[in-house]
Amino acid sequence: MEMKDAKRVEIIIEAPMENRLTDVLDEAGVTGYTILPVMGGSGRSGRWSREGQVSIAGGMVAIICIIRPDRLEGLLEAAFSVVERHIGVVTVTDCSVLRAERF
Amino acid sequence: MEMKDAKRVEIIIEAPMENRLTDVLDEAGVTGYTILPVMGGSGRSGRWSREGQVSIAGGMVAIICIIRPDRLEGLLEAAFSVVERHIGVVTVTDCSVLRAERF
Amino acid sequence: MEMKDAKRVEIIIEAPMENRLTDVLDEAGVTGYTILPVMGGSGRSGRWSREGQVSIAGGMVAIICIIRPDRLEGLLEAAFSVVERHIGVVTVTDCSVLRAERF
Amino acid sequence: METIFSLAAENLLSPIILFFVLGLGAAFVRSDLSVPEAAAKTLSIYLLFAIGFKGGVSVSNHGVDSTLLLSVLAGLILSFAIPFVAFGLLRTMTRLGTIDAAAVAGHYGSISIVTFVAATSVLQSQGLDSEGYLVAVAAVMEAPAILSALWLVAKFSGSKNAAENAQGTKGLVREILLNGSIVLLVGSFVIGFLSGPKGLADIESFIVAPFKGVLCLFLLDMGLVAGRGLRSSAHHMRPGLILFGVLMPLIGAVAGFVAASLIGLSVGGTVLLMTLSASASYIAVPAAMRVALPEANPSIYLTMSLGITFPFNLTLGIPLYLSIAQAFGG
Amino acid sequence: METIFSLAAENLLSPIILFFVLGLGAAFVRSDLSVPEAAAKTLSIYLLFAIGFKGGVSVSNHGVDSTLLLSVLAGLILSFAIPFVAFGLLRTMTRLGTIDAAAVAGHYGSISIVTFVAATSVLQSQGLDSEGYLVAVAAVMEAPAILSALWLVAKFSGSKNAAENAQGTKGLVREILLNGSIVLLVGSFVIGFLSGPKGLADIESFIVAPFKGVLCLFLLDMGLVAGRGLRSSAHHMRPGLILFGVLMPLIGAVAGFVAASLIGLSVGGTVLLMTLSASASYIAVPAAMRVALPEANPSIYLTMSLGITFPFNLTLGIPLYLSIAQAFGG
Amino acid sequence: METIFSLAAENLLSPIILFFVLGLGAAFVRSDLSVPEAAAKTLSIYLLFAIGFKGGVSVSNHGVDSTLLLSVLAGLILSFAIPFVAFGLLRTMTRLGTIDAAAVAGHYGSISIVTFVAATSVLQSQGLDSEGYLVAVAAVMEAPAILSALWLVAKFSGSKNAAENAQGTKGLVREILLNGSIVLLVGSFVIGFLSGPKGLADIESFIVAPFKGVLCLFLLDMGLVAGRGLRSSAHHMRPGLILFGVLMPLIGAVAGFVAASLIGLSVGGTVLLMTLSASASYIAVPAAMRVALPEANPSIYLTMSLGITFPFNLTLGIPLYLSIAQAFGG
């Protein structure tokens, strides 16, 4: 199978910031991403869990973004402008993709 | 800890195709995979969200498959036969695994 | 954007072991992780799904842990002590992170 | 005519409709109001469970009417036939390609169970009875239209590939027939039939008393989903398509009316068969289309079904069908 | 004998059973019908909440009977003892290894609260009363069997490693006792006791009227889960195991009957204690076994408990226990 | 005084409070009891739906009182003003920094709808009526406090950055006003008003009869969440903060009492406005604070609101406010 190099960006961010992040990504021309739910976690601000929660305040989501390497910098800048003041984790991994023409 | 090289394949595919994909993987001898729920996303066909949805038509799932490098090609061919006509993303990442004898 | 190398550890483990694993991670000084829900999967012990389940016995969770490379060994040893007798998958991927000072 | 308007007005002020409108409105102003996916699915399970069971009990009360078999047959034929009409209309009225037109057509042959439920509740408030087995007819009408849609693609699509795949889709027919909502509806119907009024007494305060309230919540959710769909797919909604979304239910209703008259259904039953024919699927058919016709654009068929035809039937269609049935039928 | 059959027949046609069968059937034909996990958990919370509260109110109505303590004690002993019988039987009747046999045995010492609820509802339809505190006995019987299972492994397992771990499992006992379903059941029981009939009047239309309907939905889900389990684990279900899955509840029921007679429970109470002893856990014990005995194969114990013994008790067992209690007890 | 104590005692033994305590207790002993997130959200939707609708129907029954507008205005002013008092108090009583103090203050200006519901249910059990439109006042009081909090930060925060961001937060005001719970509460209120007693009759057995039972389940969940929060944030809960968490609702209640007296609300209405002023938000405001003041520590404001003030109002506050309103008001 023919595969092309790409970057897999994973952004774990607070749920109330989700729309702001995706809006910024859209503006930066990043229109492909997938959002995974998160059940809980732990960090410097302690442990948390979505169990029984009504407010979205305490939750996070994981946004996965497969992107061509040359567009990575733009994505990261856009993401950083939102994540900057907020808790959250941004990681980038090398990967290869099928049907690279789609990205 | 002793670790071995492996491949991490992540397939994001429409929920109605989930069973077809896993059947094809089973046939191709890929019996180890894990399915994560997906909440929403965006792509060329626009933005979507699982919120309040009753039909599985509009949803996607993420299938993660850790596999020995020499079995990657078979997996990708099997996956491609299902994903081909459908929307969806297939990425491959290098990784290392504990307890490699299991794969 | 300035990025630093890190490791992305992904542990897929049975839900009833989740607290034991996170306790051990806490003890080993690993306080940053994120837990994703898992819907189903397949392995040597067959196929399973969370659909309609009441007991947590049959489910799994995915724990993602971004960590500085030099702390990887400690994490893996801690994780292994819990996973050892249990089903579950541990993978490690190279990645780079924004805001590396946080890890 | 007076009755139509007063009926429509009364209908428009029922909590059911108002909650749907609330959902629509909340979606339009981009409120973050949302019903969890698990809750929406559970509400839908509840509705199928309750409506199926009550239908079964009603049949066990009134005995199996000689018209039952005819009605089921009529349902089958309507579901198979309507897509052809819809397809013809779409190809003349709109600029949709073969595949999109066939996919949309398939939705209109199939049915929307909530529209059916809403019609039942309008009948109830008018003190009209109906044949309990129409629930079974509803179940029967879910699937055949999908086959018609695939046949249309196989016949008219230039793309050999799409046609091939539409036919070759392994296991699809089985999957459609054993679709969760069909199984639950038919199963609850049979259970209601077997347990009869005694069984109903057991679970009445679960499936009868709170029914309308649950329906309100469900329609709130449908309003939210329909509103979000409309907002993000507004650009697809050309005038031709919108017109089709209003015209097609009327044609379906007329077909349903003719069938009901031939069979000799009661006024209530006539309204329900008209409503079934007029309604468009938004659960089973979209899922089947994603599998069998992935090239068809889901934004189009989902928005047509959930964003145009569903609200039309809910607000104006059902009162209109009732007026027609009362004026000409029964 | 006549009564047994007519009772069993009546029971088999109750909506509760029929919805379980619908679930089983849907799973066997591979329908995609499914209840969301969150809904299944919520239904289970509802049942524990309602049954606990009603039990507590009933105790507050009738006063604390002198037999309460004896019943709790009997429950403890039964839960501790039954696994030993089950283990012996499994080792002679089946080819299960020590660890799998101990794990399965642990399930049979513990209880299934839905089976208990189903028995309550059969009693109700027969107009039979029962001691409200049996809800507390049910809670008490959940956990001890787990310890027996671990002790059996420690004693009989060749694998020193498994034995070690079974004992060394840190915090397990605490975890078992503070298990969500025990806490909710006992908590609701205490709250019901404290708030009494006045409290019941407050929330009656939530926990009494719709109860049976909710139970139907829950059993639909259990049928689906049991059916999927049976389908995927059919190859494990050798005749010996199946026989055990039917025989063991009978033995448990007899033990429960003896205990109830010694204590002097009412007919209704006797049926419930028999049912508790006859039933096998499918929530708390499986989770504990995954932690403490990961080497045991979950397909075996889950399928035994949910796929064989649960349906047996639900359909034939409970009417049988009722007949026995009416013939010999009371 | 006697009445206060007997009222408080009666209140403390109501199932609603007891289930909250059960949740707290289960969390403290680290039981794994939990309510699925989807269920908690659905329960919350149900409560807003029911309370809004009933409020609307009540207004449609009694006509629009001349005091409606005054009450809405009072609500607005209270919500805007209370954060300033709270901020001043926090800066003197505790060692919280500007940003944390402003964030906490914002919570106390806004309201907790469950506290409101609990007060309604205490009124009911005392046979006291209240103005239906106070539901609308509740909705109106949700948001203004957030703006006060942001203004406080902009004014007093040394960190120019935080201040800038607090003001520059794009779209925040819109987001706050169209917050799901406000839209649902107001929407249901309007629908209840439009459909009146006829609409209520339609869905009464869904939103009236089971209401208290659902509230029990919801409070069980809130107890669990509050308990987990308290356990993990115990180290933040210095005496000053705890004192504030009990004092502030009293101050709020007094402010509410004064406003209610000026407007001339009934005793029941006075209690509700006191309760609204006394309660602190735990849904809408925390989410807004995460967006606008990410530097504020959520452990502090969530624990204050949900772990200290909510239980205080639920158990002692509401009976106290009722006694005051009965003694001095009405």
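Chains: A, B, C, D, E and F, in written order; residue numbering restarts at 1 for each.
Here is the rule we use: a residue touches a chain if its C-beta (ideal position, glycine included) is under 8 Å from a C-beta of that chain, and two chains touch if they have at least 3 such contacts.
Since the structure is predicted, the reported quantities are computational estimates derived from the model, not experimental observations.
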- Which chains lie in contact with each of chain B and chain E? C, D
- Query: Listed by label, which chains are in contact with chain B and with chain D?
  - Reply: none
- Based on CA centres, what chain would you say lies at the far end from chain D? C
- Note on the structure: By Cα centroid distance, the chain farthest from chain B is F
- State, to the nearest whole Å, the distance from the C-alpha centre of chain B to the C-alpha centre of chain C. 18
- Message: Just the number, please: Cα centre separation of chain B and chain F in whole Å.
- Response: 45
- Taking each chain's centre as the mean of its CA atoms, how far is chain D from chain F in angstrom? 41
- Could you say which residues in chain B touch two or more other chains, in rising order? 36-37, 47, 56, 93-94
- Going by the touch rule set out above, which residues of chain E reach two or more other chains? 32, 34-39, 41, 205, 209-210
- Query: Which chain pairs here would you call touching?
  - Reply: A-B, A-C, A-F, B-C, B-D, C-E, D-E, D-F, E-F
- In their complex, what parts of chain A are in touch with chain C? 10, 12, 36-44, 47, 60, 62, 73, 76-77, 79-80, 83, 89-94
- chain B contact footprint on chain A (complex, rising order): 1, 3, 6, 8, 22, 26, 31-37, 61, 64, 66, 93-99, 102
- Query: How about chain D: which of its residues touch chain B in the complex?
  - Reply: 34-37, 40-41, 44, 165, 170, 221, 224-225, 228, 232-233, 282-284, 286-291, 294-295, 297-299, 302
- Task: Spell out the part of chain C that touches chain E in their complex, as residue ranges.
- Result: 14, 16-17, 20, 45-47, 49-58, 85-87
- Item | Parts of chain F lying in touch with chain D, wherever the complex brings them together | 36-39, 41-42, 45-46, 49, 53, 175, 178-181, 183-184, 187-188, 191, 194-195, 199, 202-203, 205-207, 209-210
